[in-house]
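You will see two complexes here that share subunit A, one where it goes with subunit B and one where it goes with subunit C.
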Partner chain A sequence: MDSIKKGNRIKDESKAANMLIGIFMLAVIFITLYPLYYVFILSVSDPIEAATMKVFLYPKGLYFRAYKIILKDQNIWRSFGYTIFYVLTGTFLTIFTSTTTGYVLSSPHLRGKKWVTIFLLVPMYFSGGTIPSFLLISKLHLYNTVWALVFTSSFNIMYMIYVRSYFYSIPEEMREAAKIEGAGNFKIFRQIYLPLAMPVIAVIAIYTIVNIWNSWYNSMVYQPNTDIQPLQMYLRRVLIEQTVDLTKTGSMAEMEALARTRLSTSQLKYSMIIFTTVPVIIVYPFFQKHFVKGVMLGSVKG
Partner chain B sequence: MKKKLLSLLLMTTMLLAFFAGCGTAETNGSTALPNTPASSDQDNTSEKRIIKILGPQGSNPYIKFADRENYTVWPELKALFDTYHLHPEFEVIPLDQYKTVLQTRTASGTDLPDFLNITYLDDATIIRMANQGLFLPVDELIDQYSDGTAKDFFTNGKGQYSNMLNTTESGKVYWISQIQQTSYDDKPGSTSMLINIRKDWLEAAGLDAPTTADEFYQMLKTFQEKDMNGNGLKDEVLTFNPAVWNNGIAQWFGLVADLSSFVLEDGTVTSPWYQDGIKDYFRFLKKLADEDLLDTTLIGLETDDQLDQKVAENKSAALHSYTMQTWYEASVSDTNAQYMPIAALKAVDTIEPLIAVEPPSLSYGRWAFTKEFQDKEAAAALIDVLCTEKYVELTQWGTEGDTFEVVDGEKQLLPIATNVQWEQAGKEGKALGDLLWANGSIFPKRRFVPMENEIGIVPACKAEVQVEIINYSPTTPIGTSNYYPVMTQEAVDRRNEIFTDLNTRSRELIAQLILGQIEIDDMDQHVAELDALGLKDIVEIGQSSLNRNDTYAK
Partner chain C sequence: MKKTKQSTRGKISKSERRENLELYIFLLPSLLLVFIFAYVPLYGLLIAFQDYAPGNPFFSLSGEVNWVGLKHFERFFNSIYFSRLFSNTLSLSLYNLIFGFPIPILFAVLLNEIKSNKFKKVIQTSSYLPYFISTVVVAGMVLSFLQTDGLFNILTEAFGGTKRKFITDPNYFSRIYVITNIWKSFGFNSILYLSAITSVDQAQYESAKIDGANRLRLMQYITLPNIKPTIAITLVMSIGAVLSSNTDLILLLYTPATYEKADVFGSYIYRIGINGGEFSYTTAITLISSILNFVLLFLGNKFAKKTFGQGLW
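So, the complex of A and B:
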């Protein structure tokens, strides 16, 4: 009885508790946002000021040449275009494979469901490694093509499990009622399950978009042709050129070439980071509504 | 019925897709790579032998191999290929990506080109692949199919030393290397790496260039006391990484320039940890650290970001670099900044200071033919091309009238061919072959240059020091790879087994000694610890390799 009478200070909107929570959240916001802000002000500051690391709160000596270089560079725009292509195709295919597989796995009448599930779960935990994957891509004649990136990002077993779990929450009676009405599996999937799966699709979409947008490793392994590489590879290249150990080159001539490259692109890396981050920041709010609903999917017991 | 047929069709499609990846390997020869930017430089290839070449884009920011058709030197090289009926097809990979592409293709044995740059594979991997037959033996190609050009070059000519270094214990040679030989006054001579100090600060402070370690210490103190960068702080420091032995100051104390190395005039491999000057060296560095004259945040760093920052902030009173370097000045916020090298400062009365020198005969990088290349005559022809006088001229001098001229019978580079005018050279299409296709890129370079060329264009304070030390002795090499022939598989495996832990602990000890966390007087204990990690083995491996070098054969 005493414990009931004491009440809950947070629930009862204690001002002190609210203030503490507010201060804590402000700190979290600052820690989250400041690095991006810092990169932004470095990107528009004078290169020498940026190199001396004296820029903290506001830009020093406005310098937009790096952005002009980016906007004029056809390679960056081409990479941007290919990245959009990979994101759109990868997201569509991931949603397609996840929802269709999830629907099948959620069916109570699927024969051998246990074995199919194990067949899917094993590669989720164990993979063949880089060389077997390379061999597969090579033998499928996908090496050095756009499809090497599209197909490698077109499915995710974890998302299939998410969708399956979500479909379990849809009453089975709906499927049976639709079957009684004469609907086939395709119609049930298309007209009943898919419209109800918007929250989970939104979650999968945003996760996939962010993953594909940020990915570069598959491109590094499977795409030596720079014309079809995504934007993150371009950014990585600029960053790598800034951090190469000059003393590990073969000769003084090579050391000088690398030093000159570093000097000429030192500002570019900050601008590139902003350029590659802004699109994702713009897209994210559109998925907010569905994302909040679906973000706890992982905790739903299937 | 319709549903069953549809289900059967879907299952069949899935099964076919499942087994699609289990197809057999491609036919003999290199696989054609879809969307590969392998450019054919000529239309009529029916009479020419095709060679598929894989290599990284060069590091030059202005002169790119992809733009080779715009350069006056390229048609000359093409003509040389035509003479040998060769038609190269190129696949050029960005430098940052090349290692991954190389590793995946060679490890999987798929999509192999005919000729490629294998420099970015480690020694153990190269030797293992060579033993597995992935690379064709170059010495056999030359013996059986060369028209004599390559044979002469590697047997009696300027490639002899490189060939010796590349010979495995079995007597086979699996790759060819870049060859750079520098001379001064028609004798072998090379550049070196030294401590560079701020010349403008020296003059402003009214000091003479230091000639001893103690004078160097006094100079650093004076720079701080007089606040040479004018920011009100005592932050003018020595910026270098003492975790690497090739740092300029270690050599003042007679220490060799690597964990395992040797004095060139002596030929006995040792480690700095075993040498007499080791304690005095650490006492000196500790003194600098204790008095905040040494930037201790740079100890053990793997990249140069923080060093660059200190230089840009106008805080670097002294740094370690090549004697004739000219690129640091451009990044200092003070436009009057100038660095000048100082050499061989006396640190201990009984110890002769060393200078770390770049080998006058530099053989580095590796280019090999893969087993996919069936046309051995074409392979030998390519090696012949790379050994011709014409190739040497195009690589080293470019084209007459565009990049060099002949004055009184001597070739001289034109200003546009020097490194200060790369950007202009890129715009005008006038570049040395070295910058366009060599320098660790598509083809190995052949460069036999008199240092007088380079000495003539750097600031006087650097040129004078370089000339002064050209014949200095004793010296220690920057890197030992140009003196150790190819190690045996066992030596490489043993070295790989112990090197990482040993090197890590060595670097930790260096940091701890400089920062005063452990006692310098307990050096015997520290060395014993390194011995337990295999320091003696590393030295022995080095010595046995050096003994196979004809110059040091014992």
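So, the complex of A and C:
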């Protein structure tokens, strides 16, 4: 009798706890998603309603003019193009440097491995920082060129070490057997190790893509020329410094039409936030799995 | 292993030499890039002891370089900026640590209690999302919500308060910074704990349940002790990073009106160094902050060893 009562009590407590945790988690979902949703509904609401910012649950009116203006803005497309360029080159070079270095470090025949490892570990703990790097870029005549960003995002020592650890798990007999068959290091690397490394390459690629896509600090320091800056720098000028007035991108007639509809700069900003974040949200579900893997990779090393 | 090493120490066979040549050709691009873009700036730190003018070499013993000893260090220590930057950096990071550190742990522990896998997945997906949204966009949203006629002031007024100047009032800066940081990263930071929790041996839970332990007890006596090592390591890392605050976010959120509370080493170095052209002076500040950082990492490790019995080294 008693034990049944006790069992029931625990069950009731458990139910209440489940409820509480469930409500807590719903609140978490709300807090993480609502800000973006709020920006979205403001961006498509009627300009007069949007100007009051009092649009909370669903768009009031439906209005896509802001998006039309943004799609016509040359600056967005150009900076978007540069971002793609920086992402592609940076990711390719990072994968190249991580896999080749990882391959060599995992080879038992490498002489001076200790020195190479120390050479790579030192910069992980000590760095010259912004100013000496900036002066170096100037000395190399890379200042204000696209190459300043390409080179500075071409390697990541942490990733070299991830790949090395990954290659350690491949049985050494494989390398030896291929060598007996007469294959050189280049062939072994390309035909055996690289295909096997695909899971870790995917993780590195995705981290690099996201990092370069979101980065702006290096461009701010190395590239004063706004023509070659990536998308995030353009966003910064629009959203943070507010030195770009999006309402003035069209012709005279268009501007007058805009003034009549009272389309505000803030609404244009909201549309821009949504427009530039949508690509991230679309690819995010595909990336998520790899990101979780990446965290594990980091923790194994740490 | 050892034997082959010894036998080849005297003379390197032809095939081994060839092999090493190949391997070093593979390494060459990485070694070159690391040397140029990581070591040369490190060497460039020498300008902290000079009056560097653009075009000068980083090091030279002939008259080209004007060595000034510790002049820039003295100037920094004697200015109001040393104490201001140090206390701002430290307090922003400490708030961030105190509030931002436990949240991912709590979140992971509670998430583990969710029985429905579908619901769990939805929570994870939405809580990791802010981590991937660019800092510029996040800061843009924050600034817009905090405008005088923005969302937060509308809510403040609706609850009977008066409008506030969140963005230009220095007293709000630390709160804005910390909350934004937590919002952006708590989900992502919870991944590590969550994986540690899921690797706990389920038999431990089963036997405790038979002994009549309720869920709170299970969390307290099984889940938390099992993730203690993970907590310890993350804590040391966070303490070691206390002086390298999120400069990106600060540069985006601060305004001249909030400098007194928002300016940190990184933002000051950027403003005075890159915009102001005081290369040697700001490089001296870089050196000082790196040394302080190292000391903190050392102390943090000691602290973790004492309280958790585990540290980085």
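Assume the second predicted complex is superposed on the first by the 218 of 302 C-alpha atoms of A that agree within 3 Å, B and C clash if a C-alpha of one lies under 4 Å from a C-alpha of the other, contacts with A are read in each partner's own complex, and residues count from 1 in each chain.
Please note the rule applied: a residue touches a chain if its C-beta (ideal position, glycine included) is under 8 Å from a C-beta of that chain, and two chains touch if they have at least 3 such contacts.
Treat the numbers as computed from the prediction; the structure is a model and nothing was measured.
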{"item": "Partner chain in contact with A:Ile48 - subunit B first, subunit C second, else both or neither", "value": "first"}
{"item": "Contacts of A:Gly61 with subunit B and subunit C, given as first, second, both or neither", "value": "neither"}
{"item": "Which partner, subunit B or subunit C, touches more subunit A residues", "value": "C"}
{"item": "Subunit B versus subunit C as contact partner of A:Asp227, first or second or both or neither", "value": "first"}
{"item": "First (subunit B), second (subunit C), both or neither touched by A:Gly128", "value": "second"}
{"item": "Subunit B versus subunit C as contact partner of A:Arg236, first or second or both or neither", "value": "both"}
{"item": "Contacts of A:Ser138 with subunit B and subunit C, given as first, second, both or neither", "value": "both"}
{"item": "Which of subunit B and subunit C A:Gly81 touches, first, second, both or neither", "value": "neither"}
{"item": "Touching both subunit B and subunit C, residues of subunit A", "value": "53, 130-131, 134-136, 138, 140, 184, 221, 236, 240"}
{"item": "Interfacial residue positions of subunit B with respect to subunit A in the complex", "value": "3, 20-23, 25, 31, 33-37, 58-61, 91, 93-94, 96-97, 100-101, 104, 107-108, 110-111, 178, 180, 191, 244, 246, 302-305, 308-309, 312-313, 322, 324-328, 330-331, 333, 358, 362, 364-365, 419, 422, 434, 439-440"}
{"item": "In the complex with subunit B, residue positions of subunit A that touch it", "value": "48, 51-53, 130-131, 134-136, 138-141, 143-145, 184, 220-221, 224-228, 233, 236-237, 240-247, 249-265"}
{"item": "List of subunit C residues in touch with subunit A within their complex", "value": "1, 12, 16, 19-20, 22-24, 26-27, 29-31, 33-34, 36-45, 47, 52, 54, 58, 107, 110-111, 113-115, 119, 122-130, 132-137, 139-141, 143-145, 149-151, 154, 183, 187-188, 191-192, 195, 214-215, 230, 233, 237, 247-248, 251-252, 266, 269-270, 273-274, 279, 282-283, 286, 290"}
{"item": "Contacting residues of subunit A [partner subunit C, same complex]", "value": "10, 13-14, 17-18, 21-22, 24-25, 28-29, 31-33, 35-36, 38-39, 53-54, 96-97, 100-101, 103-104, 107-111, 116, 119-120, 122-123, 126-136, 138, 140, 151-152, 154-155, 157, 160, 184-186, 189, 210, 213-214, 216-217, 221, 232, 235-236, 238-240, 266, 269-270, 273, 276-277, 280-281, 284-285, 287-288, 291-292, 295-296, 299, 302"}
